[in-house]
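The structure's right below; bear with me while I get my questions together.
Labels A, B, C and D are assigned to the chains in the order they are written; within every chain, residues are numbered from 1.
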Amino acid sequence: MADMCRWYIADGYLPSFSTGQLESHESLCVLNTTEQAAMLHLTVYFEDRSPIMGFRFNCPAKRTVHVRLDAVENDDGESIPRGVPYAMEIESTVPVVVQHSRMDTSQKALALFTTMGFSQ
Amino acid sequence: MADMCRWYIADGYLPSFSTGQLESHESLCVLNTTEQAAMLHLTVYFEDRSPIMGFRFNCPAKRTVHVRLDAVENDDGESIPRGVPYAMEIESTVPVVVQHSRMDTSQKALALFTTMGFSQ
Amino acid sequence: MADMCRWYIADGYLPSFSTGQLESHESLCVLNTTEQAAMLHLTVYFEDRSPIMGFRFNCPAKRTVHVRLDAVENDDGESIPRGVPYAMEIESTVPVVVQHSRMDTSQKALALFTTMGFSQ
Amino acid sequence: MADMCRWYIADGYLPSFSTGQLESHESLCVLNTTEQAAMLHLTVYFEDRSPIMGFRFNCPAKRTVHVRLDAVENDDGESIPRGVPYAMEIESTVPVVVQHSRMDTSQKALALFTTMGFSQ
């Protein structure tokens, strides 16, 4: 049974290009239906370098947060580079639901995808 | 094992803009294969305000309903605002399957995404 | 634990319109990694009428089948109408994996979505 | 409970056409958060011929790999043909997370989809 405190996303990618009014981006969407605030810790994995840790954010009790992954910054001021394949592990202090979506406007019009995270 | 009576969607968003003939919208799709009617209660969570409850709808026995989320109204006449990140919890009186989809036509052409809800 | 012999898809919809070379359609994709042929039975659920049964197809041992849902026909010669919300239950005689995808070309360009079925 | 060492994707398809700068393709995205390197073996299933085995790749400890499925080659020099429905089974020597995505640019603009693999 999923413990809902640890989630994984394998396909992360922030497109380098955008067209029109909408910027290519990804969002990590967290839902916390519990009575306690959730402290979340994001680890970002790469193909050819060590993971970057120390991305932290909160999701208050009975709230959702939709975190723009092109805007996060960790304790050392590092961010997720565009144009590079990555993956994510999300740890939460309380059970939450995690979903990941991408908007890609790198060619005219726009494309979307989403998936629930994997939790076990 | 999923009890199929409680479902979560973390990435809700009703785009503010549309192009062409098709309006940007989201649908909550419910399948009830049981012999009993399902009464469903939807709670909508936000980033910066208390959840809104009291959105109710039914899915008869051996039927599906595809609920337009831009059209739902709760007991107090409230609806889900466009252009605001939200999330959902769906409770059902009988086991059902819940899937969520978005159509986004805010730039020319259209984009779609879908995911099964998360249930545990 | 999913028994992999019964799958559900809640968001079925065959768009009425197409643009360009590619016809709007949906596919039900089945993977059978076992040594035995799978006999599959599809039941189609609607919002306002009784389910239609009797859609049958096979997936041989060690094969996949990608079934065009706009082309299936049941024992009574019925098919799935375009422009109508529906949902699906898929029963298999052996464990399989079921995934559902839509291609929508009803506005210029094309949109895709996919999801694993839900199995329990 | 998913063992995370065996994953399935039922809807594989490499579109034959591309428009614009971006080539239609699919990616198999693997996340290995363990301390041990993962050796992965991909089996490709078809509708009308025997499966092709012998596609091998690695995902180092604490790394992700995003494998372009239009570029893989097996021990016998075979690759996955474009324009043909297929499906996949992925076996790993250590627990990993597997996600599959498609980019389709066969009509103007581009479309994306993704899904977690199915694991049990």
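Please note the rule applied: a contact is a pair of C-beta atoms (placed from the backbone, for glycine too) under 8 Å apart; a residue touches a chain by one contact, two chains touch by 3 or more.
Here's who's who by UniProt: A, B, C, D = Sensory rhodopsin transducer.
Here the structure is a predicted model, which is why all the values come from computation and not from measurement.
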item	value
Interface sides of subunit C (Sensory rhodopsin transducer) and subunit D (Sensory rhodopsin transducer): same vs different residues, half threshold	different
Centroid-based (C-alpha) most distant chain relative to subunit D (Sensory rhodopsin transducer)	B
Centroid spacing, where centroids are CA-atom means, of subunit B (Sensory rhodopsin transducer) and subunit C (Sensory rhodopsin transducer) in whole angstrom	22
Inter-chain centre distance, subunit B (Sensory rhodopsin transducer) versus subunit D (Sensory rhodopsin transducer) - centres from mean C-alpha coordinates, in Å	31
Residue list for subunit C (Sensory rhodopsin transducer), restricted to those that touch at least two other chains	1, 108-116
Residue ranges of subunit D (Sensory rhodopsin transducer) touching subunit C (Sensory rhodopsin transducer) (in the complex, touch as defined)	1, 8-13, 43, 45-48, 50-51, 85-89, 102, 104, 106-118, 120
Residue ranges of subunit D (Sensory rhodopsin transducer) touching subunit A (Sensory rhodopsin transducer) (in the complex, touch as defined)	1-2, 4, 19-22, 27, 29-31, 33, 62-66, 97-99, 101, 103, 105, 108-116
